[in-house]
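Okay, so chain A shows up in both of these, paired with chain B first and chain C after.
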Partner chain A sequence: MHKFILRRLAMLIPVILGVSFIVFSIMDLTPGDPVEMYLGDNYTDEAHASMTKELGLDKPFIVRYLSFIGNAIQGDFGISYSTHQRVLDEILARFPNTLVLAIAALFFAILAGIILGTISAAKQNSIFDSTSTFAALIGVSMPNFWFGLMLIIIFAAGLGWFPSSEFSGVKSLVLPAIALGTNSLAIITRMTRSSLLETIRQDYVRTARAKGLKEYKVIIKHALRNAMIPIITISGLQFGFLISGAVVIETVFSWPGIGRLLVEAIQLKDTPIVLSLVVIKATMFTVINLGTDIMYAFFDPRIRAQYKAKGA
Partner chain B sequence: MNTTIIPSKNQGSEILPEKKKKSQLVSIWKRLKKNKLAVAGLIILSFIGLTAAFANVLFDYNTVVIQQNAAERLQPPSAKHWLGTDELGRDILARIVHGARISIPIAFTTILIATVVGGLIGAISGYGSKRVDNFIMRIMDIFLAIPGILLSIAIVAALGPSLRNLLIAISIANIPPFARIVRASVLSIRNEEFIEAARAIGANGVRIIFKHIIPNSMAPVIVQATLCIAGSILEIAALSFIGLGIQPPAPEWGAMLSGGRQYIRYAWWICAFPGIAIMLTILSLNLLGDGLRDALDPKLKN
Partner chain C sequence: MTDRKLLEIRNLNVEYRTDDEIVYAVNSLDLSLNSGESLGLVGETGAGKSTTALSILQLVADPPGKTTSGEILFEGEDLLKAKKDFLRHIRGNKISMIFQDPMTSLNPVYSVGDQIAEVIYLHEKCSKSEAQQKAAEMLETVGIPKERYDEYPHQFSGGMKQRVVIAMSIACSPQLILADEPTTALDVTIQAQVLELMNDLKVKFNTSLLLITHDLGVVAQVCDRVAIMYAGEIVEIGTVEEVFENPKHPYTVGLFRSIPQLDEKVDRLKPIKGQMPDPTNLPSGCKFHPRCPHAIEACTKIQPAMTNVKGTHIVKCFIHEGKFESTELMEEVK
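What follows is the complex of A and B.
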């Protein structure tokens, strides 16, 4: 088991290096002079030259890339062009907000998704089942930023139940979390339904029914527990998307997270922040996916046994 | 004797594949027809396609879609403006209809590029030596490690927002899944007997890839392409919404949402309808994609 985790962790290194190399190359293509962006409009030629040296822009591409990696490992992601603060500080100041939003959205999606999917599967072909299946279809087809706008129109502007953009307390978390979590909710609902439909047909479920257990006990204790593995996997992957892909939804709700920071930085052409954010987000995405893989192995006794038998 | 047999054989082999192809298409279509949701998707999609094709007949681009009309700004839906007007007095229905002419062709083009490039990469990877395969797939893994939308944002942010860069960004972000799918199906058929037979009669690698492997791995690619077009439309809208895609005054759906955002407190219709257009298009593509998957490969169902 440890060897399995170690091996997977080792595979992370080339992926992260590759991602950072790709993003660094893309950012290097950015037209415009970074020194000019850093200094603003008024500067002397001397200041320009010394700043070029200070930012290391006089060095060749590969040297700049390696020093970016070297510094990044030490937690130094450079200085923001627009605020002249350390990039890492800027990101760390915003990151907790994104984390809270992603966790709230995931919690909402898992809870509601498992409940809806379970009822759908238990009452297959009922009206509830077809309604929730169709709702899930709409849920995956809906742009989440549009859904966010609709939530604002109905619940913030119309009914006034929730604030639309002020950032204050739990109440301001509700709408963004629902808007962000709905796509995942739909995906988890579908996965729960299909996975449960598979386990419901298994012999051990028939046995459980035959020995006279109550239906809800059969579903929850025997069928759902065995159906959990794909649900956990898909939820983990969704968490990766929620935390790294939630760029647009933060813009809709003016949520001060790293997604919003990314959009702001793009508009200000603040390359160090854009570069660092994309690399950090992609890294988080990969690490979360790895965590999901490991969890998956951990939750399934069959997979665990496989690794034990191999002596790994 | 030879002279009598060979032509008849040739005739047979010329007719047979065509017949087989036709009957395959017919049976796929028959299976697809049974799937009500897929047919619904196809109908909605055809409707969207038709309105987009005749958009210029329905609404003139310069006078209705682009020209601002201060006297009619922020009008709610009415008999004159079915879906209301936006903050610059332009008819929203007209803009949505013309918007389909932007999103749908761009989405098709990006996925076409991604399918061709990804398919080639996948075919080379699956058919090539183990070292080539390993090398290519590790690079694809790296691309897959970046969420598609994030990769697109990074590319457009670097190159600057324009139609061309949007095309590049979304195409690149969509290449890895196609490479993977084609590679997987190549691996599953590369040792089939008909490939061996082709090799035995002296066909080279390129011919085998193009003539035998690619046609035989089309089914999963078509399904994936349908679903990816939906994803591409979503990405175009999302990028335009944050100002990195199609620029105003072009009536792109995501850009319309972005423009109407400030007015949602007084004019819900500006934001509501373009989003419904995005949703309907994606929904119908998803329905069609799911239906195609079942129709092309009945084994996969359930």
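What follows is the complex of A and C.
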């Protein structure tokens, strides 16, 4: 298992090199002058030339790329063209917020999704089932900025239970996490239901019933455990999606995450910020994939055996 | 061996309701089993054998399965009317079931040992570790080294899985085991071992056995009595000697003719002509009449009754009701 994890982490290196190269090229090929960005509106030609030199933009493409990589390895991600701050500081100030929000939203989506999906499947075609199917449909199709606004209007402005925008503590996390997680919740609910309906019909579930187990134990211990693989897959995908930073939700709730940072950086042609964010995301995706695979092994001994065989 | 009825099924009817048709799987079935006795339930595929066994433990998938009427008395209690708690107390504890397909009967994500321990822990007032201890012993009982306790079903062969299923079913020393073709999935040598094992258990624990099979040879080896099932009904029932030495019902006679005999030189096997009737549209009268070489008009209209021919030997056929071609029957037809 350790070998397996190490090998997968080693795969991060080509992934990061590839992704950063592509992004670097795109940023280079799209129109716009970063030096202009850096200097603002009023500058002289000399200032422009010297700044071009200072930022290393006079050098050939490949040299610039390699020096970015070289510096990044030493933990230096450069200076933002627009704010003139160290990129690392900019990102460290924001990425944890995105991470916290994404984890909270995912936690909410998985917990509620599995519970709702399980009840739906266990009571197939009941009123609960059709209601939850209908709700899931709404949950998937509802634009989340609108839902976020509704939450603010009702629970923050109206009832005053939660702060609407000030960024403080667990309480301020609740509404944005719900707004952000609702889409995923609907998807996970549907996936849990369909996967569980599949396993509930299996012979081993009847065996469990024939042992005299209580019905909830039959469902949770025997059917749900076997239904977990597709639920894990979809949750991993959703997590990747949530962690990309939700521009809209961040805007609605004034949440200082990387979603807005990235959009602004792209507009301002702030290459160092864009590159670093993309590298962070690629890393996160790889780590989430790895986490998903480890979860598979946790739930299914057949997959565990496969990993062991490959790792040896 | 006492003569007390352990299980008594009366007038059981089970059907499967799908969107546009109803499968009449079990029809007015009567069956009883004494404690310590083993009964073979024999019949073609689709005769309703599994459905009968499943309905005893109320494990028929619902939907589409529905028990429409009848009584299933276990030690005098009607399981069809029993409360859920009582049924759970019976399941796996007093009555256990060995399912038809060992390959899919075990849960792939738990170790075989733990799956056995689960049923022990549930029904015997013991600690988890005692249950595991006993589960390991059960594995040994069915001939699997207890070192394999922690292995998963995918690491076992079909025959070994079947042994695990058997270990699970005998773990709480039930009074009745419902064995649904426990050996069909196994090769011949393993088959013999498994039958041997079940015979041993029967002697050791005085367990009753309802053994479902296509195989009359298996019945002869293991059972005291045999019931022949056709289209959801019992058509003949008696001790193994009674039925094997003197089969009465035309269907039973046909069954025996269709198996090869070593001591007789037969030119050709004689399979029963025709096919099982469509269970969604069963024939009127005797359900075997379309295939019966002796059928007369009465057979197409009136159901014969269960008639005791000799000793405990009971047959459902006009020939043995003594009414065959009688004027009385002719009257009834009109």
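Here is the rule we go by: the second predicted complex is superposed on the first by the 267 of 312 C-alpha atoms of A that agree within 3 Å, B and C clash if a C-alpha of one lies under 4 Å from a C-alpha of the other, contacts with A are read in each partner's own complex, and residues count from 1 in each chain.
The working rule: a contact is a pair of C-beta atoms (placed from the backbone, for glycine too) under 8 Å apart; a residue touches a chain by one contact, two chains touch by 3 or more.
In this text, all values refer to a predicted model and were calculated from it rather than measured experimentally.
Asks: Taking the superposition on A as described, I'd like to know which of chain B and chain C A:171 touches: first, second, both or neither.
Replies: Touch status of A:171: no partner.
Asks: Examine A:22 and indicate which partner it touches, taking first as chain B and second as chain C; both and neither are also allowed.
Replies: In the superposition, A:22 touches chain B alone.
Asks: Check whether A:202 is in contact with chain B, with chain C, with both or with neither, and answer first, second, both or neither.
Replies: Second partner only, chain C.
Asks: Return first, second, both or neither, reflecting whether A:214 touches chain B, chain C, both chains, or no partner chain.
Replies: The answer is second: A:214 touches chain C but not chain B.
Asks: Under the stated touch criterion, which partner chain does A:3 make contact with: chain B (first), chain C (second), both, or neither?
Replies: A:3: touches no partner chain.
Asks: Quick one: is A:143 in contact with chain B, with chain C, with both, or with neither? Answer first, second, both or neither.
Replies: first
Asks: Of the partners chain B and chain C, which touch A:225 in the superposed model: first, second, both, neither?
Replies: After superposing on A, A:225 lies in contact with chain C but is clear of chain B.
Asks: Residues of chain A touched: more by chain B or chain C?
Replies: Looking at chain B versus chain C, the one contacting more residues of chain A is B.
Asks: For the complex, which residues does chain B have touching chain A?
Replies: Residues of chain B touching chain A: 138-139, 141-143, 145-147, 149-150, 153-155, 157-160, 230, 234, 237-238, 241-244, 254, 257, 261, 264-265, 268, 271-272, 274-275, 278-279, 282-283, 286-287.
Asks: Mind listing the chain A positions that touch chain B in their complex?
Replies: 14-16, 18-19, 22-23, 26-31, 137-138, 140-143, 145-147, 149-150, 152-153, 157, 240-241, 244-245, 247-248, 251-252, 262-263, 266-267, 274, 278, 281-282, 285-286, 289
Asks: What part of chain A is in contact with chain C in the complex they form?
Replies: Touching chain C from chain A are residues 201-204, 206-214, 222, 225-226, 299-302, 305.
Asks: Sort out for me which residues of chain C touch chain A in the complex.
Replies: Chain C residues touching chain A: 57, 59, 61, 87-93, 96-97, 99, 101, 104-109, 111, 118-119, 122-123, 152, 154-155, 165, 168.
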